[in-house]
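The two complexes that follow have chain A in common; it is paired with chain B in the first and with chain C in the second.
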Partner chain A sequence: MSVFMDLNITAGTDKAKLQSTIETAAHLGYSTVAINYVVEGQKKKQLIPTPQPLAELFETFPTVQGKSRPIKVLNRLTVVATDASHFRPTNEYKNFDLLAVHPKTDKLFHAACMNYDVDIICISATEPQSFHFKRSPVNGAIERGVFFEISYSAGIRDPTMKKYTITNAVNLISVCKGKNVIVASGAEAPLNLRGPYDIANLGLIFGLSEGDSKAAVSTNCRSVVLHGETRGTALGIIHTMKRPQLPTEQPEEEIPAAKKAKTDDGSLIV
Partner chain B sequence: MEKKPTPYERVVCKNTSLYHYMKINLVFDSRNKSLSAEQFKQLIITGLKDLYGEVGAAFPFDVLTFNQTELSAILRVYHSSLVKLWSAITLIGSYESVSCAFRVTQVSPFLLALSGNSREMEVF
Partner chain C sequence: MVRLKARYLLCEVCMSERSMLRLLEEKDIFQAVKTAVTTAHGQYGLALFNIGSAVRYVNAYTGVVMLRFRKAHYQLLWSALPFITSIWKQGQRVPCFFNCIHVGGTIRTCQKFLIRYSRQQLFRMLPHCKTEAEKQQVRKAVLSCSLNQLRQDDDDDDNDDYDDDNDDDDGK
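Now for the complex of A and B:
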């Protein structure tokens, strides 16, 4: 069985809130989360944010419920594009593990599906979609291994948004037939998050089948993360990385605790 | 040799069971929010009505137990309307304009299964 992931947790300015959101995600059973930084294209010369170093966020990452492993945190950038000039692949995009684009027009949606080097295409959850999903770009995206993302937390916050979220999700899923869909939270606060099984159930009302719906929070997300990793490589075949310096001194071998005998005065006999 | 009677009874359920049982927990931002059982059920019915309209609000479901201090409850619902009830609970986001969330701890066709949680079980 694959682990659960939530690939959209909004990075706010409030560090404590982000921390508690990630802690809640770990408690709910998500093994991997991605902190989402958004760039609005229409604002002129908006700088692409640099991701906050993860070591600053937590000293020890919270343990995932039922897994006894620490949660894995990724960085993700979402480019909101209303014009073709907004999406420019620059070096700054390479600081992020995942790259998403939120196309606002039909033309950009087509370009995002067919050409853009991204991992995720976001579907609007806060407004009615201004264009129809056409079969050819959607199929193109599926063939290239790009995934569509539905975020649900706007629907939890506001009843009107709930309607838009469901409408857009149903429209998308009827076109892509349940393939290449991920469902993520987009949460800003811990209470906007829901458990992975709740989301697998929520997928059913979007029109996904039971299997697709569970894949939308587990295996499909894994494909997105792997796609994100191969994006920085040459055709996914060659990957270069700096080798870490080998330590010159071998660290002393630790003796397992069971082999240490304890004497009465508390000193250890090895 | 005489066979001892087994201390347990084996029950095999071949068809899908009529009811499903859900163990849920309501969480608030601030701790000091208290609800009565009636308000709790009304909150869920409002959620059903928001998502599925009048027909949804008319689903039969029961609150079997309700713990007022922990705001946890066990619901019983017909198998056929489980998905609808669950999705309505998922999308409830506020109570009296205070943000809240339902955490579904367990869902099972057997009420007995809710007596323990294997994920939080401590083995001695």
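Now for the complex of A and C:
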């Protein structure tokens, strides 16, 4: 059985609420969650938040239901873009494990699908979509391995939002044919979360097939996390990092004499 | 033999406060599900809900409920369950949500699953115990629920199940 993930838990100001939300997620059987920080593009010079260190959040992470491992928590940044200037890849974006963009216009959606270096493209759940999903950018996104996210918690809170969520989701899924879709909660409170099996079944309303809707909470999310990991590397092949400071003592003394081989010019080959 | 096939959904009712679980009653849950189906799928949903749907088991200690739907359209009715946000109890709104833990074809398979599941819950409880007496109590409860016992006596298994869940709550 595959593991379940919920890649959108809204980071509020209330730490206790976030803690209990993550605990509930662990209880429901999600083995990975991502805390979502949102940046609204419109406001001038809004600072990109720095993610809260995870060690501060929990002393010991709660154990996942049905597994013996603790829950894995990631950080995620969502950029709400209404203008092309809002999405500027800076170094601050690198503090986050996952990067998502929420395009509000047709042009930005096209750019997000084809060019932007992101993991997730969010689909609006609280308002009617102002543009149609076209096949060519969506296919481009699928080819690049970028995923589309449907969040369900707004729909649970409010019947009007539910209408918009379902409309937008069905619109998207008819275009992308059920491929590269993830369903995440977007929950602010523990009572907005739902169990993974319920969500897998809820996908049937959105027009996903049984296999696709299960993949939307499990294997597709895994692909997103892996995509996020490879974003910081060169094509997922090379990864550069700072070397930790070595202890001052020279390693030469540690090597036993038997293992040293002397060459003709006297240099050591270890 | 032809029989009408059903699907049994084992759901866990999650509330912010565990003490509120004691108030769970069969008819309130039935009403909550019925309203949710009506708001999600309208008259058509309600029509399907009226055929062969029932609440078969409620455990007020652990918050586990078992819902029965016809197999032909259980997925449609199930899709309404995530939209339940509260249960009305004597004119009082209790916020909660339903979390489906198992879908079975017979009551028996659900029961087997539930025993295994309750046992898992006891194991999860063990690290949270504070005193040694509590720990012993949980350990005893773990030993008392086993599938072997179920195989031996088919008749008494309903009682067994109740016992387990009671112990479950004591440990907490």
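Convention: the second predicted complex is superposed on the first by the 241 of 270 C-alpha atoms of A that agree within 3 Å, B and C clash if a C-alpha of one lies under 4 Å from a C-alpha of the other, contacts with A are read in each partner's own complex, and residues count from 1 in each chain.
Definition applied: a contact is a pair of C-beta atoms (placed from the backbone, for glycine too) under 8 Å apart; a residue touches a chain by one contact, two chains touch by 3 or more.
Just so we're clear, the structure is a prediction, and the values are computed from it rather than from any experiment.
Peer 1: Look at where chain B and chain C land on chain A after superposing the complexes, then choose clash or fit.
Peer 2: clash
Peer 1: Let me test your reading of the model: by the given contact rule, A:Q129 touches which partner, first (chain B), second (chain C), both or neither?
Peer 2: Touch partners of A:Q129: none, neither chain B nor chain C.
Peer 1: Check the residue A:R194 against both partner chains and state whether it touches chain B (first), chain C (second), both, or neither.
Peer 2: A:R194 contacts both chain B and chain C.
Peer 1: Once the structures are superposed on A, label A:K162 by its partner contacts, choosing first (chain B), second (chain C), both or neither.
Peer 2: After superposition on chain A, A:K162 lies in contact with both partners, chain B and chain C.
Peer 1: Have a look at where A:L204 lands relative to chain B and chain C in the superposition and call it first, second, both or neither.
Peer 2: both
Peer 1: What is the contact status of A:T63 with respect to chain B (first) and chain C (second): first, second, both, or neither?
Peer 2: Touch status of A:T63: second partner only.
Peer 1: Once chain A of both complexes is superposed, is A:S223 in touch with chain B (first), chain C (second), both, or neither?
Peer 2: A:S223: touches no partner chain.
Peer 1: After superposing on chain A, which of these stretches of chain C ends up overlapping chain B: 92-100, 128-136 or 164-172?
Peer 2: The superposed arrangement places chain C into chain B at 92-100.
Peer 1: Residue overlap on chain A between the chain B contact set and the chain C contact set?
Peer 2: 28, 65-66, 152, 155-157, 159, 162, 190-191, 193-195, 197-199, 201-202, 204-205
Peer 1: Could you please specify the touching residues of chain A with respect to chain C in the complex?
Peer 2: 24, 27-28, 63, 65-66, 152, 155-157, 159, 162, 190-191, 193-195, 197-199, 201-202, 204-205
Peer 1: Note which residues of chain B are touching chain A in the complex, please.
Peer 2: Interface residues on chain B, with respect to chain A: 27-29, 50-51, 83-84, 86-87, 89-93, 99-101, 103-104, 107, 119.
Peer 1: Which positions of chain C touch chain A when the two form their complex?
Peer 2: Residues 12, 14, 16, 39, 75, 78-79, 81-83, 85, 95-101, 103, 120, 124.
Peer 1: Which stretch or stretches of chain A touch chain B in the complex?
Peer 2: Of all residues in chain A, those touching chain B are 28, 65-66, 152, 155-157, 159, 162, 189-195, 197-199, 201-202, 204-205.
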